[in-house]
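In the two complexes that follow, subunit A is the common piece, with subunit B as its partner first and subunit C second.
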Partner chain A sequence: MTAPPLGRVVATELKPSTPHQFHFWTARESPIGIGAIVRVQEAGRTVYGVVTDGFAYSDLVTPMHAVLGADGDPVAAGDEPTARAEIRLFTVAVLRQMPEEPLQPVPLGPVWLADDADVLLALRMDSYTGGERASGVPVGLYAAGGLESPVYLDCDFLLGPEAAHLNITGVSGLATKTSAVEFLLASIFQTFPRHKGSVAALCFNVKGPDLCFLDQPSALSDEDHRLYQRLGLRAEPFADVHYYAPLRPDGVNLNTLRTNEALAGNTEPLIWGLREVLDYAEVVLNRDDIDAKADAFIDFLAERVVGREYQDDMLRGRPFQVQSFADLEEFFRAIFDFMEVLGKGGEVWKTHHLATIRKVRNRLSNISTRSKGLVTDDGAANDLPWGSFADRGVYVVDVAGLDPLAQDLVFARVVSKLREHLERRDLGVEHVVVFVDELNKYAPGDGPETYVRKMLLDLSERGRYLGLVLFSAQQFRSQVQRRVVGNAGTAVYGRMDADELATPGYATLSPATKIKLATLPKGELMVRHPHFTQPIFVKFPRPPVLGGREGIERYPPSGDMPFAAAVARRLRSLDRRVSAEAVFEAIDGRREDDVRRALSATRRERPTDPLPYFVACLGRRVAGEVVLPWRGIPAVRRGEDGYGA
Partner chain B sequence: MRLAHLADPHLGVRQYHRQTPSGINQREADVARAFRLAVDGVIAERPDAVVIAGDLFHSVRPTNSAIVFAFKQFQRLREALPEAPMVLVAGNHDTPRSAETGSILRLFEELGVDVAVDEARRLEYPALGLSVLAVPHTALMAAERPSLRPEGGARHRVLVLHGEIEGVLPTQRHTVEYGGALVGLRELGMEEWSYVALGHYHVQHEVAANTWYSGSLEYVGTNLWGELADEREQGIRGKGWLLADLDRRTVTRESVPASRPIIDLEPVRGEGLAADALDDLIEERLRAIPGGVVDRIVRLRVYDVPRHVARELDHAAIRAHKSEALHFNLDIRRPEIHRAVGVGAPGRRQTLPELVRDFLAHRPLPAELDRDAFVRLGDELMDAVERDVAGT
Partner chain C sequence: MPISNLTALRRRLAVRGLTPAAGIPESRGGRTEEACIRPARLVEDVSLHCRSVGKAESWPEALAFLDGVQRMELVAYAGAAPIYVAGIAAAVRERQGDRLKTVTEDRRRLVIARPRALDAAGDALTGLATLALPEDEPPHPVRDLTQAARALDRARGQLELDVGRRFRLGSDCWLVVDGSLAESPGWAVDIRTIGVSKNHATLPFEGADLERYLRLPLGHRTSIFAPPSRSVAPVHAWALRLWAWEAKDLFHGLVRIEVAPANGVPATADLLSRWLLAERAPISTPDPRWDRLLYGIHSVEQYLRARAGALA
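The block that comes next holds the complex of A and B.
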């Protein structure tokens, strides 16, 4: 407050002050820029605002006067004896008035650049930072005129219950969307207050190596370190990260770029069985406008057949035990065979039309083919640790290499399970941030209704009451289902595409703000948050974790390994002491199917000594012994055989 | 390549009290006779190999007479088929409880029988292009089971195994013996074998075209009547062994005629009947048996007989029938017990067995326990108790 004012409010008939907007002038060399936060202090009233536009002009009436005055010579224009008076005028959107009542036009008064304390008040952060029950989460640093202040989001409005969800938009590569989310998650994990309970993150890795190295530190510049310090954060990667990736169709290699042996310890296969899939069959079937009849048949399968003993003497003497897709296929075949025997009469089986049965069978077998590697045939699933999620744990599900259909399945099941567990309060944590990158793919604004989009919408609408929070990112916000992004309490923008800015969604931004957004450097963001009445620009440091591109350089993927090596890798990830040679010896000459089965049994059991267990599952090999033909025996005198003959 | 597949002879089993003129338990003699007939049949067919899929003897320590008898039968086989491989695996009945106890089965090695007692053996008969993996009960109970996969390039790959294949037996399998090792279908890998010879389940049963239980040679199970019911349900007539032709991929059932008829009579409903009326009905049923009850095994269930009526039946007559028959099971059941229960649908109270079944069906169980099997066992025990209560 000791610093001199930088400008003064002006109000004219043409540019009057209103309760939410005013103008002020400054000297030519003032450090004010678009996005700067300023304070007006006059007559017991304090007004905070953010600069949204700027103008400069002189006393010339028209440009013609300038041209004539310099005789049309731009070189001569600089030689005028007296410099023309130049005015710098800025437009400010009001952030906050104190006192708030009565709400009045902004008074004519001196204007200061906001300092830390001002920023706190201007953004109403005073209500949730500091004190016993602080709930501020640093999102970045507001900077203007050599001053810098941390900006906090209110976690009650970021992770619920007041509001929730965050969406970030901006052009590829420059907007630093993925980086910003990584940074913010780190910030949340470090500052989410204990009294608000526990929090975990579930990230879907949808693009190459993007989120594959969240547990590895990145090389940060001095400036980055300074920013961390200023924000009161530690530049540390996530301490507790669990990776889940489906297998490749060979059933032993992982379908991810995180295959470097050094990272194998916390990278696990994601494997689901028929049961897991069938419960979410509608995900995949909805696409094809499956009808009520098919639904009824799927229900019949799910409730009566799969995972239990199903006896129908008409189909087969012995009961069906459907545990896997292969078993299910057997069951379908039995129905078809039976219907064929019936001939003409065989159109309806147990009220289900043959055509419906065929349709369901085709769809289901389509799932199993297209999600081979995710879906196992022997029923031994390996799933996320439902019920024992850890506070500050990060669970990454890598779907980048999956078929879109299988991706949908993973999304649907994972989110639904999170929801079920949070509803029952038995997930292990109270809040989960779900990060979905490339949201435009999963919740597009146009195109047919899909289960995944409905689910994301539902999550954005109801998740906040459950502690289920969606962090999403995409290049073009205008291409995403409006209600999904609309429900995000916090919206963040990185460098934006000019065409995108021209779409109606950005109409409320001033031209200068749009231009600033279109030229925003890496590491700077515009943030909308319920407490901020205007969008605020902040800068943030590089995330404390290794990015995808650097990651694969430092930890080159090992690529798909030969079967035996991949099996050894899987076992070594359960126990480092297992030697590859011992595994090779154990599986030499075995059927691959048997090896896969033994591997999945071992994974399910998690014995203290995986190798002997694995070998036991494979079964002891019985060496052959050659028996030479028996060369008769001398006949023994035959007598009574003791039982009367 | 023709293979004779026998299983579960249970030599030495003793049932009921009747003895032969030479003082041998009659059923023990019946069982021996069945085995002798089977051996006759095998000799007549002259197969290239013979396998016996477990439970040759009913107990770990059979009587001397059972041992001598078995030896003589194998000797007959060996004389008739001097070069044929003969493979014998131990079942849950004839497996010693501890490894130190020697197995009598080894005796037959003297006759060139290849015996697998506690470990699986892969027996190669190059001259025949035959490889047999012989898997006794104990090998399946071990922590590390053998891998049930054919190896090597033999043309005929045969698996001989004593145990219960999971999920392939009829749902109402009252008759599956307890104590068998469970083997999963995938673990079995039927497709890779030319033929899988199974033992343990006493009713002949086709698991797949190349995978069979040959069944026992006589009715030796603990649940004779259930076994009969299973046979009826599955359309199986009597006992026997199998002749598998591995080249033609055919399996022929070779029957062994039963020593004596086993007759499960149409039950009598006793409700509202006095003792003398019941006596008449019982007599009527028994008279209707062609040839009468003499030397036969007969069961007659009589339902809804209160204790006081049961006491007044003509017990002298019943005793007379019992001594004529080899075994006459007059199964008199009291009216179902209507123990008052607070819950349940109005109008009908749960009977005690229902109550027990209901309780067992809902009580918490360790995850690894198969609830169906558990409830079934409860049912059977209740059934046995009811029968005892009613019969005395």
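The block that comes next holds the complex of A and C.
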């Protein structure tokens, strides 16, 4: 209040003050820039606004007069002894008027640069940052003219129930999208208020090493530390992170870049069995070619066959125990053999047409081939800890190395499971932030309707009531399904591409704001949030976690190890005391398939002493029936049913 | 430069039996001067010559500009005698670096009327300085207007002198005055003051000399002359052509420069002319007198009008 004003509101008939916009001028030198928050105070009315455009001009009436005055010589124009009178004129979009009623044009008063207290009021953060039930989450620092003020998002509007979801957009490498989400998650974990309950994050790592080191600290500059301090946050990596990655087709190495042994402790394989896949069959079975008949057969499999004892004396004497894709294939074989014997009359098996059975088999076989490493052939799943998610836990599912179809499967199942558990209130936490990077791949604006896109849409529309929140990122917002990003209560923009800014979605931004967005430095963002009447620019520190690129340097992936070494690694991840030599000795001469099975049994059981248990499993099974190495299900001849994979 | 709050004043005058009136006299511009020829004495040559002053040179030191503005409004008639309220203002703007800044200024509000009209107005005009019009002839609204305009001219000129003097107390930098220096004995001897006059109602020559005077080429000055000391102080002067007049008008870009006699020597006249040529730009459009109106003077005028509430 004591500082002198920096400018004054001006209004003319052509450029009047309105309740939502006004203009002010400043001295030629002033700290005002696009995005600066200002306060106008006059006669009992206080108006806050954000600068959206700026103009400078002199008293020159037409450029011709400049030419005339310089005798047509641009050099001479620079020698003019007197500089013309000139103006710095700024356009401001109103953020808040106090009092709010009656809503009136902005008074023609003096203009100040906003300080901390002003910023709090201007962005209506006063309603959710103070008091007993404060719900502010720092998102960054608003900075202008040497002043810096923390900006808070309201977690009632970020994580529900009032509004929810966050989307961030901007060009690759410069927009700091992934970093911003990492920072914000850290901020949420540190500041999410007790009275709002528990929160966890589930991140899909879709790109290389991006999210592979969330539990590792990064080297931050002094400036970064200063920003953390100013925001009231600690620059600490996530304390409780769990990594899940599918296996490679060899069944022992992990399909992730987080394979450095130092990080093995909290990196687990993600393994699903037939049961898990079948429930989400419709994800991968293209909707269009799944008809009611195929549905019925899938239901039959799911309810009557998979995971139970299925007895059909017509097919074979002993019951089927379908646990894995291999078992399922055996089951299909039996049906086909039986039908073949029937000859001409063998078109329908138990009301299911043979063509439908073949189609379902082809689709399922396609899944098992394309998701090899994710789906096990022996039925021993290793899944996320449904029911025991921990408060402030981060669960990273690394799908970066998976086939797109398998990625879809993972998305669909994980999100659906989250939803089911949150609906039943038995997930272990009350809120889950799901982070999906490269959203344009999973919820594209055009192209055919897919299960994953529908699911993301549903999540964006209904998730907030459940505490299921979507944080998403992409380079081009315009390429994402409108409703998915439209439902994000909070929208963040990093450095933007000029072509993208020219798309209709950005029409409401002033030209100057667009220029600012197109040239935004790393670490600065524009934020839209329900409480903010206008988009606000903030800067944020580097995330407190190791980035993908540095992570790979510090923890180089160990690469695919030979079979025996990989098995030893898996067992050592269960118990550091296990020596590689002991493992080598135990598996020497054993068939790889038996070893895999013993390993998966050990993993499932998590005994206190893994090695003896593992050896015991090996010993017990090795004498058992001969199991052929898993080779996936051979696809049925192309064209046979018109649905060849 | 509207004069504010005249409504209340008109009401008070009406209460005292005067006839309220409203109107802005037509001659709202600068000084009123009758066109004439007043032969001057050449001090440089025997007959009038035109000399090239050389290339424009930027003013080597700080430079200040002085100008004034005036405005008059009719507020009432006492019988047939008009009562005017006028505003006058003057300022000096000094160039610091390449920016002009106001360093001295003053403004006044006056009532102009015959003494009897002022009496009739009584205390309605309390607080306002008054300028009495002569009463040797009976009231005549049109003639009284001319008289009032003259009185106002003088008051404005006086205010400019005051402001200039005040500026001089604190600064010895070059000062360009809009108009003639001959108004003041102080200026007429001040060797750092220059009058730049764009008004040619009074011409210093006739016949062939006048034709040469009016056809002065661009970048040239005339021989130095001494105007007849019609007013207070003797000065030396020459004409300078700032912009080519051909295809325009004889007066286009023609200014009369006045200096203290001590500066009225050829070398100084050339030097000052070169400096002044550099002041042609930036040009003072959209003012229609831009060919003769230096930007610095224009700026003072703009400033004074803006301060009075409107860019007139």
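Following the convention adopted for this analysis, the second predicted complex is superposed on the first by the 617 of 645 C-alpha atoms of A that agree within 3 Å, B and C clash if a C-alpha of one lies under 4 Å from a C-alpha of the other, contacts with A are read in each partner's own complex, and residues count from 1 in each chain.
Rule of thumb we're sticking to: a contact is a pair of C-beta atoms (placed from the backbone, for glycine too) under 8 Å apart; a residue touches a chain by one contact, two chains touch by 3 or more.
As the structure is a prediction and not an experimental result, all values here were calculated from the model.
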| item | value |
| --- | --- |
| First (subunit B), second (subunit C), both or neither touched by A:424 | neither |
| Most subunit A residues touched (candidates subunit B, subunit C) | B |
| Partner chain in contact with A:66 - subunit B first, subunit C second, else both or neither | second |
| First (subunit B), second (subunit C), both or neither touched by A:195 | neither |
| Those residues of subunit A which subunit B touches in one complex and subunit C touches in the other | none |
| Subunit A - residues contacting subunit C, complex | 59-62, 65-66, 68-70, 76-77, 79-85 |
| Residues of subunit C defined as touching subunit A within the complex | 58-59, 63, 95, 98-100, 278-283, 285-286, 295-296, 299, 302 |
| List of subunit A residues in touch with subunit B within their complex | 309, 311, 317-319, 321, 378, 589-591, 594, 597, 615-616, 618-627, 629-633, 635-636, 638, 641-645 |
| Subunit A partner contacts - residues on subunit B that touch it in the complex | 20, 22, 24, 28-29, 32-33, 36, 65, 68-69, 72-73, 75, 78-79, 82-85, 110-112, 114, 119-127, 131, 133, 142-149, 151-152, 166-171, 186-187, 189, 207, 234, 372 |
